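Structures given as structure tokens follow.
Here come two complexes built around chain A, the first alongside chain B, the second alongside chain C.
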Partner chain A sequence: MSVAVGSRSIRLERRLHVDPRRSALIRVIGLLASLVVVALLLAITGRDVPVLAGEILDTTLGTSFGLQSTAVLATPILLDAIAVAIPLRMRLWNIGVEGQFYVGALAAAGVGIYVDAPGPILLVLMALAGALGGALWILVPALARAFWNVNEIITTLLLNFVAIQWVTWFSIGPWRDKEAEVVSATPEVGARLPVLIENGILHIGFFLPLILAAAFFVVFRSWRWGYEVDMIGGNPRAAEFAGVDVRRRIMSVMLLSGALAGISGMVHLSGASGRLQGTISNQYGLSGFIVAALAGASFVALIAGGLFIALLLASGVALQGVGLSVYIVLAVYGLALIGIGVGEMASRYRLTIGDRREHPVGSERGPP
Partner chain B sequence: MSSSDDTRTERAGAGDTVVEALGITKSFDEVLALDRVDLDLARGEVHALLGENGAGKTTISNVLAGIYRPDAGVIRVDREERHFRSPAAAIEAGIGMVHQHFRLIKPMTVAENIHLGWADTPGVITRTMLEERTARVMDEVGLHVDPAAEIWQLSVGEQQRVEITRTLARGARILILDEPTAVLTAQEARELFTVMRGLVAGGRTVVFISHKLNEVLEVSDRITVLRGGRNVVTRPTYGATPRELARLMTGEAREVTADARAAPGDQPVLTIEGMTARGARGSIALHDLSLTVYSGEIVGIAGVSGNGQTELAEVVAGLRRPDEGRILIGGVEHTLSSPRRVVDAGVGHIPEDRLGVGLVRTAQVRDNAVLRSYWNSDNSGRLGLHRGRIAEFARRLVESARVQTSSIHATAGHLSGGNQQRLIAGREALIADRVFIANQPTRGLDVHSTQDVRESLLARRAAGCAVLLISDDLDEVLEMSDRILVMYEGSVNGEFRRGAADRERIGLLMGGHVAEAELESGAR
Partner chain C sequence: MSIEDLFAAIRTAIDAGVVIAFAGSGELLAERVGVLNLGQEGLIGIGAVTAVLAADAGAGPWVAFVVGMAAAGLMGFLFAVSVVVIRTNQVLTGLAVVLTGVGLSNQIGNGFQGSPVMHTFETLRIPFLADIPQLGPALFNHSPPVYLCYIALPVVVWFLLFRTRHGMNLRAVGQDPAAADAAGINVTGIRLAYTTIGSALSGAGGAFLMLDLTPVWSVNVARSRGWVALALVIFAAWRPALLVVGAFLFGALDSLNFLIQRLNLGIPSSLLKMMPYIVTLALIIVPAVLTRFGFKGRSTVAPGALAQPYFREER
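On to the complex of A and B.
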């Protein structure tokens, strides 16, 4: 690619080596640039940008409640991002985390409402049910991918819609909370995750993605299983050459991914929402997916990205609170993601500005 | 070829200069790929570009074909200075290139591939119209492939003809062929040479890139040798010798391995009995094949590719399940062993498709070094990898196999082709305690890398390993092997002791002519 400007030509050249630190820095720069654009746009439309910024900081990072709600928001996003990142190491795209989240929440809700057990035991049972539900929801796409090479992107995506319908049906139908006359939700589940601060909303589930990310960081760094998954991701035929049972790895990776998404649903149900309803996920799966993809399936970058996206979403709530339309909030969200994405691309190229006189066989004339 | 030799010497130097490149310089990042290279091409000549990997052959070709823009230098076509901004501009000036890796769309037909992106393609088209036009174009250029066939159905040689036709159809008078024989069988290469001679007889110019001396001597009129991005010499082919060209190419006289070798042992190490197996498409690839390789012996498999050689290697390596037959390694049955058990039995395997199968290009050199041994107790426990020991192992491998890399943490894809193969050959040699299978181990490598890979085979042989060498390069098979087996349609069709092999008879057997070959041997 090359653009001629005056007597100089500017070219983009692909870098052979991309330094990860540099890449991270450029992403941050891309993000800041897009925030500047947002600030300018808001200023042009007559908003008082410093006041808005202060408002956002106050409601997200500035208060204990703000911090807590950001962390609560971050929990399902981070768990979903981990669920996406693991198959992504193998170049498998689980677009169905949203659906697995729903089915996980559904299964956990079933246990939580109808099983009578002491709190901690009930929570464990709910988590098991959530994991099973999520794994079950990805079972068919995993089998289809492993044995018939059916593209998992389509199958996992389509099952999302089915899962949401099931949850909606259960929560307005057979499991509806009839006593409280809640129209579209189930009764509260029998056990809730403990809250960290008295009268607060931050539950201990927030630590789960942090622990899991650290664990998978280690697994992919120094476990045979992680090494094999990475090798399959790099070249499945070479992995077969090395004697790795690729089908088995596809199954284990996808089922694990589904189970984690299901646990994410259980954590959100028992930690935050308390009741199952058709809108239990605020598109956490989508956010988690974006985080995992932008983080390049790195478990370190994923934590930073997930926390940041949660901050953005929380800021969005704050902006809506001061009267900005939801569409503008979504546009801000989109612009910030574009900024990071462009930064990610940009870090793989270098810009060379050369004097065209140094390139006699450059391009003085057009093609004859 | 003998009949065309005379006409060739006559024609050499007779044509006018059609392309002139002067002082072409090109660098990538900080690496200088071309340093003031000059090249002139005459009408009606096959001009060979000879040099090792990294000598700049492909780079200068890409400059001529408008893919790279040089940092400095002048290109003249028909004495007029030209600056190509794109491959389309180059082809408009009459220069077209056929790349080593074909750029064809596999599920589309020959006719569709030829018309794709071609300015002459009519706006409204039908299948039959495209096929008729393609047949006409093929008649004009004298190459024939079924226009209605889909690319994936064609052999590599046929695909190459489609590429050449596509380039010629767009008006190329100067055709650059980048390592065209690297992917071809000996038979197909010969057919290509006939095509090339036909093209230059019609007044076109062919630039032939190769590092195979015999081919260059056989087909070219003039030779330009490049080394390290610089001109070494441009000279007529007539009168050139392989030894001289090899010296110009490498810059040093490399002695061919001395023939003083110990006799093979008498312990059978690899025994295959009555092996029948199917290929990737389900048809029978190996048919009742039996062979034995003894300790300290190199058995070379000669044959036209596609006669079951790759399936043979895969069956032994545990990568393909046989229908019938037995495999014994060191006297132990391994007929249905997993790839991992075969490795643990001491069988190293350099696969034919080294990039597609042998390496994970996105992974580090370190991780590739243990790709086939990471599970053993030196490198890992039940769950965890011993990262420190693996790094140590990788460092030793890089050093002993002479892999040139900045670090063991460099990505394998950034290594040059020769270094990638050194890494694979070195890794597999360490596995090969009993059996070493090398499938096309030196295909496409430069002289130095070839030498290193062959030395590793000879070293395993000296260590008492049974070596099975599969190669399309008959010279290699003849030079390396203690015994030569000719494969044809999935079975062994003939056997020769070292020194007793006769190229012509091997050629006949490779083509399936059992009776004639036997007749001839009987007559002797």
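On to the complex of A and C.
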């Protein structure tokens, strides 16, 4: 694409090499730009932006409770983001993490309520049930993708709505807590993840995504399985010629993704909510999806992104204090996303201004 | 259940399908030119809330309808500029539209919670046809946008896509933008135009929601109809008439739920609510499986360049 201005032309050129550090910097600039837009909008509608910003930082990072609740919020988002990032490395979009999270929590709750076992063993059983539930929930989309070539974006998405209804039905129907008169939730599960600080809310589940991100970083750097997945992501036909069983990889990657999302549901259930209910996920799956996609499926960038999104969502409390509804956070979230997305593209291309005669028609393709 | 109940259910089914038919047709146009617009849920919300704003300012239903279309069209245009000109990732930018649209519409609509929209569409009885016993009132006694949506919309979209040269060009843009570009077709212009028009149609769906179907604002007004519209485009294999049929079927499932709940058969409402999604999923997967096992059916292949940004220098 080139725009002629007089005898000069402004061209958008693809960079052959994208420096990751520069790319990250530009994304952050894109993000800051969108936050500036939000600040301007707030200022126009008569809010004192500096005071508000101070309040947001105070309620999220300024107190121990604020820090803890941000970390608790970040845990399911990060786990879901890892679940999305793995299939994303072979260009498969699992938008169904929300549903797999729900079914994982459902399966874990079933074990946690009805199985009688000592705490640690029960937690392991719950995690296994959660992983199985999540994997089961992605099985049909995975089969459809691997064997019948049905696009996974919509199939995984549709099952989200089904999963939410199952959880709602179980928690207000057969598994409802009859003793505590809690109308829309199950009884508390038999084992809870321990908290880190006495009387605090931060549970040890927070470390799981950090450990998993490090583990998958290694897997994709030096394991054959990870290398093959990346290869399929780069060029599926080339991978097939090289002898990679693409269908088997699709199945293993998608089932692993579902299982991780299911474990995310189990961790949130046993670490934070305690009881299963229809509203157990506050769209963590969507946030995790966004974080993974923005991080370009990089396990390092994903941690930073997930923590930031958790901070953004946690800041909703301060915004509500000045008469804005919780929904405005969603809108800010969307704008931030666009800002980062534009930044990502900007880092891949560069504007060049040159003499038009230097660029004869044949050279449009650039160097080979 | 009496025969009256059945026809009343058909009437509701028709109305319930309209929102999805509008949004789905809009999505179909965008996907035909190669743009995956996941933002339906947000666009319906924006169309709905701006229609409410217009109606609150005293506008008649048609003006409010057009306002809803224009607002969603504007948002769709911004989305199109982002994905077509700047070439941001279509999936991510689409989700950004969902978040921004749902967030903004909920924020604006908050003040209208529980207060019904003043000027809604009046029903338009089709003379003679509406006098047919039972069937007449069920089929021929709706508000004007309903007829627009079931009769005019699929015909116009079908004619545009498959019976005009321009339609051939725009399908070419969705199939193989490089070839279309080489043939002198303005790829960027067509993608911008049809993504915007498609978004305006989704806005029409949202406006209809507020001006006829359920004329009271409620939080998350689209109620995942936008996602269903996206799924139905695949079910319909990118064909306009089939899409409208699918939308009506979904509306029928919706009103069937309502009917079953009223009959009090003891089936929990959550289980009924998941049915439409399971049916939609089956409608997407089953044809693909049949094709796989040798049944020669209609083509179910997506536009070749769907969700692919086009960059001339990278052919």
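One rule holds for everything that comes next: the second predicted complex is superposed on the first by the 338 of 368 C-alpha atoms of A that agree within 3 Å, B and C clash if a C-alpha of one lies under 4 Å from a C-alpha of the other, contacts with A are read in each partner's own complex, and residues count from 1 in each chain.
In the analysis below, a residue touches a chain if its C-beta (ideal position, glycine included) is under 8 Å from a C-beta of that chain, and two chains touch if they have at least 3 such contacts.
All values reported here derive from a predicted model rather than from experimental measurement.
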Is A:S184 in contact with chain B, with chain C, with both, or with neither (first, second, both, neither)? neither
Partner chain in contact with A:E240 - chain B first, chain C second, else both or neither: first
Thinking of the overlay built on chain A, is A:Y327 touched by chain B (first), by chain C (second), by both, or by neither? second
Tell me which touches more residues of chain A here: chain C or chain B. C
Mind working out whether A:Y227 is in touch with chain B, chain C, both or neither, as first, second, both or neither? first
Given the touch rule stated above, what does A:N282 touch, chain B (first), chain C (second), both, or neither? neither
On chain A, the footprints of chain B and chain C overlap at residues 13, 364-366
Which residues of chain C touch chain A in their complex? 42, 82, 86-89, 91-93, 95-104, 106-107, 110, 219, 224, 227, 230-231, 234, 268, 270-271, 273-274, 277-278, 280-281, 284-285, 288-289, 291-292, 302, 311-315
Please give the residue numbers of chain A that touch chain B in the complex, ascending. 13, 16-17, 221-225, 227, 230-231, 233-235, 237-243, 358-368
Partner chain C, residues of chain A touching it in the complex: 1, 13-14, 93, 140, 144, 147-151, 153-155, 157-159, 161-162, 165-166, 168-169, 172-173, 286, 289-290, 293-294, 324-325, 327-335, 337-338, 341-342, 344-345, 364-366
Sort out for me which residues of chain B touch chain A in the complex. 29, 69-75, 82-83, 85-86, 88-89, 92-93, 318-319, 338-340, 343, 349, 351, 353, 356-363, 367, 371-372, 374-375, 380, 383-385, 387, 414
